[in-house]
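These are the structures in question, set out in turn.
Presented sequentially are two complexes of chain A, the first with chain B as partner and the second with chain C.
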Partner chain A sequence: MSTIKDMTKTHNWSGQKLVTADHMLFDAPREKHFMTGSEVLKEAVKRCTVDASVSYPITPQSEAAHLIGELWAEGYVGTYFRGENEFGVMSEVAGCAMAGARTITTTSGPGTLRAMENFPQWSGTRIPCQLVLMARGINSPLTIQPDNLEVTFMLETGCQIWYAENVQELFDMSIAAFVVAEKPDVHVPIVTVCDGFFVSHTRESVMLPADDIALFPYEPYKSPLPPIDSETPPGRFLRDPFVMKSNYISYATHASWQFEVRSAVERSRPYAKHFLNGLVHVTGDADAEIAFVTCGTASNQAKEAQRDLAKQGVKSKVIKLRTIRPFPTEELLAELDGVKHIFIPEFNVVGWLEKEVKEALYKKHDAEIVGGPRVAGGMSLPSEAILKEVFEHINVEGA
Partner chain B sequence: MANQGPAYYSPYPAATYEGVITPPEGKALLLSDVVDEEVAMREIAKVMLTKENATIFPGPQVLYGFNEEAKKKATLIKEMAEVLNAKMIPMYDYRPKYPKIDAEVEINPNHPNLTIWHNNIKAAIFIGVHCHYANVALKIVRSETDCYTIAICGLSGHEDAMATLRDQHSSELEKFIKIAKEVKAELGK
Partner chain C sequence: MAKDSIKVRLPGLGGQGAVTAAHIAATAADTDGYFAVSNPFFGAEKRMAPSESYTRIGTVPIYDRGEVIYPDIVMIFHPQVITMGKSYTMPFYAGIKENGLVIINSDHDLLTDGDRKTLEDLNVKVLTHDFTKFAIDQAGTELATNMAMLGALFGALGTVSKSAIEEGIKDRFLKKYTASGGTATLDSVIEKKFKKKQELIDKNLSTASAAYDLTAAWAKEVGLEQILEPSKNNNGNLPK
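Presenting the complex of A and B:
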């Protein structure tokens, strides 16, 4: 059972010393470990003074949800319980967060869609909860392998969306995610995505700070809406069922509310830039005319292709997007200066990233944009496939 | 009806869509310019002292005495209203009003334009309003009125206001009142 103690000004309920996110992410000494994405998410949650976690830990999702349950048993997480299904889980996450709890859950593919109605409701109620989405595609047929089709359904929910390439990024992002989501002028949910199986189930080297430190707790009274609190006067006048009162409000209210949620995502830019060391990361030749625009594990494969092209004397670079919402248009345009050919390798059949890039660059950049190669349903994306796509579209000198 | 503001009826474009976001710590925002806090305070005082029917809209965070800081702020806001020759109309409840609000004496974030139109308010300070409701209201006011909006915020500020101060606690309000008195004397008001 939990060994929860009282919170003090310097230590949390499990006795961990409270530190800032800057200390945790940039200054604290780290040691090398060898872990799966699920295991590393447990380590991140352990260091985040998490009040609540709710899950529907079905097979064959990742182990992450039950590992967070172990953290509750070990006394690191305030409360943990299981929903009846994903819709229930996401609704219960909303309840926890509205009551002022730092809350996390994790899901993937089909569960994401079952819970779908909740995500715009999360952002509309300005809760700063975190969903770790270990993408594995949408039924049917069933896939338990990497495929990030579900991300396309999340794009317009009003949530922030960050994308981790590997286990290390998943650890760092899922800690920073709480801090950015909880900023008073942001305060909308955050979806931290990684590719299922490749990241969730695969063991990699990862550098972790000691587990005797943890983030300061969430301060719900700095929320842009007061938390549910019947004993504190302003709270009584909030959390009224706004949607049920639609007959009594102006249409402008609803429009303004929606723009406000999206404005909140925009306000996350400077914070995300700080904690992620920029909204895009670039590998390869700065003056290349060929660029791969990627996110997640497609970045890894594109980097492999970039190295192969370099061996053949062809300059290229990989521009990895670390945030999808907000979309890093300005940063992408800056990195595309001089680029003539853009390739967008993806782990899904619809090419949602290609659509995002094309929309962002429309009338702003004249490079040819090639949406591909694409794989799905658990197929791997070998660098040879990426090179083939490049050579089919352009005649590169030295190839 | 008042003249239409820069964004006309729809709350679009919101300021963030024009690349304007909340000011960094220690700074303030005047329209799209990041400025020193004192510069913004002087401009706010000048606007409030010179525009027609200047009004302060205090919200629940300063209307209810749930802690000592709230009580202190409330006292300072009364003093601020006197210095600025401003009226006060409270935003005491965020719930939409049925069948309609009394625009003479109250303002509601779901239709703040009604109060501004009714009272012909040309400059207004939002203070003590929870950030989300302030932002929802400011977007509507920005799009449907020609009122110069000012947000004095205890947290990160509001880019949809025409002037915003951030991290404003009782000590900062005392500083603002001092500056407002100076500006008032300069203007001979």
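Presenting the complex of A and C:
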């Protein structure tokens, strides 16, 4: 199936049958595979009729970028090229997406920071591209290990931010991400985050639909801003501000546009809720007074702790946040009914999720909030450490 | 008492194939119906630098990720892990749980009296064996050391079948070619490579199988208690 053909109404250029996201994610029969996060991202991209991918494959990264290159060689991705550095990559992603291409790239840690100027530029131009962020540490000291400090830098870029816990979620999320980002009333970039190493390099079982189906292509002419067309004059290579004053946008317009970008992120809620089966997932005892609020790998570790606490007769639950932007405040509040102690285990030194949760719950919930335990720089977070934190803060009867 | 899930730490040196061994181990356990996860943890990707990987196997879902801090089993791939401290945790058995197991690839005993005492107090059994020489004898190359270590792990566990190990090895060495073998050009390349690959697989398999028998006999001899529960859904592959 690797010869490039013309796109038809029923099949894409690699001969895959075109299907809806609902069919791909919910209805298509699945088979078990055993693979890493990087490998599963290749499988997701293979099923998404992706027009373009730009890469800067370097450590620290993941194998995902070069695996997408293999897809291009096999005829599944329209075009693929390497940028001169991460700033170049993210700029070129913007170019591809502005021209109406469904575009994806991946990065990690130092690469994310190097490319930083581009992310608010992406959202400001309302392009629906996808960045898969496999979070690794930020230098210095020099590191390549998992640590999600970099996510805090992404929070106010105006991009949607989703967080995958494991290999299976990375597959399903990175497919749904295109679909939600491309909704005309949303149409802002999406950052699909997972923890580097803990997901990208970890091999586990995963259920995948067959690879002879793929998403319908992106329809750029449904975009709230028209795609650039360099062959039809006047070719526009930048998104012109809609009210010009001198060479720059007027302050009132700039302000309103920033609000509009954030409103667009908010408008993604119903779509995200549908494709992600809810913005939060809960594991454990519904009537527990102890709750762990988590995202990504911290959810895994908290689930181990929840199981160990249950063995000791202590009830707890894990509330996993699946989206960070938009932040699922209502869903979180609903699950916190009756909770008296909230623990927020994290893989970074600053506790950005603790800050997010505290802001969301201010004057809305009176549970004690403990920001921790926290590890960083590639340390793992064993259940033993989480239990220690819990027992240091509360005297649990029966423990 | 056999556990519902175990964690295995595999410290080795870059180039020895500890990462490959961990991945094959998890694939094999998955084949036999266990929940299994593997991941590497390495720094600079260069030969002889510390390189660690981990396998978690259980009859219950496994959420735990990353470095194994509290292992049930430690597999030392190279004497320098102990003698030169080429591992992420010191001493090499740091965090090991009661009734655990340490397998060391070395031609001589590397434990101090203090190590021995600590491990005995925890009822941890230790097997020191020259698996590199074993690999050279079996497969004609030291590159098969990781296959010997893989077989040794499963021989000591006794609950993952040899046929599952075979599946794990095949999955690792054949998968990439079957996945993209759509075109005629690629097909002919595979056919040429296949004879060589089949040979490689056969040698890996016989090395792992012989090491399996070696540690299974050793486990019986020293009275090693069963560490891991049998798989509840082993796809009909009964452990031998």
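Convention: the second predicted complex is superposed on the first by the 376 of 399 C-alpha atoms of A that agree within 3 Å, B and C clash if a C-alpha of one lies under 4 Å from a C-alpha of the other, contacts with A are read in each partner's own complex, and residues count from 1 in each chain.
Just so it is clear, contacts are C-beta pairs under 8 Å (C-beta built on N, C-alpha and C of every residue); 3 or more make two chains touch, one makes a residue touch a chain.
These numbers were taken from a predicted model, which means no experiment stands behind them.
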Partner chain(s) touched by A:Glu204 [first = chain B, second = chain C, both, neither]: second
First, second, both or neither for A:Gln301, with chain B first and chain C second: second
Which superposed partner A:Met379 touches (first chain B, second chain C, both, neither): second
Which superposed partner A:Glu70 touches (first chain B, second chain C, both, neither): second
Partner chain in contact with A:Gly15 - chain B first, chain C second, else both or neither: neither
Partner chain in contact with A:Glu266 - chain B first, chain C second, else both or neither: first
Partner chain(s) touched by A:Gly95 [first = chain B, second = chain C, both, neither]: neither
Touching residues on chain C, where the partner in the complex is chain A: 23, 26-27, 30, 35-41, 43, 45, 60, 63-70, 171, 180, 182-183
Residue ranges of chain A touching chain B (in the complex, touch as defined): 126, 183-185, 187, 222-226, 232-234, 237-238, 240, 242, 245, 248-250, 252-253, 255-257, 259-260, 262-263, 266-267, 269-270
For the chain B and chain A complex, residues of the former touching the latter: 9-12, 14-17, 21-22, 24, 60-61, 64, 66, 92-98, 109-111, 113, 130-133, 135-137, 139-140, 143-144, 155-157, 159-160
Contact footprint of chain C on chain A as seen in their complex: 1-2, 34, 59, 70, 74, 144-146, 195, 197-199, 201-205, 297, 299-301, 303-304, 307, 378-384
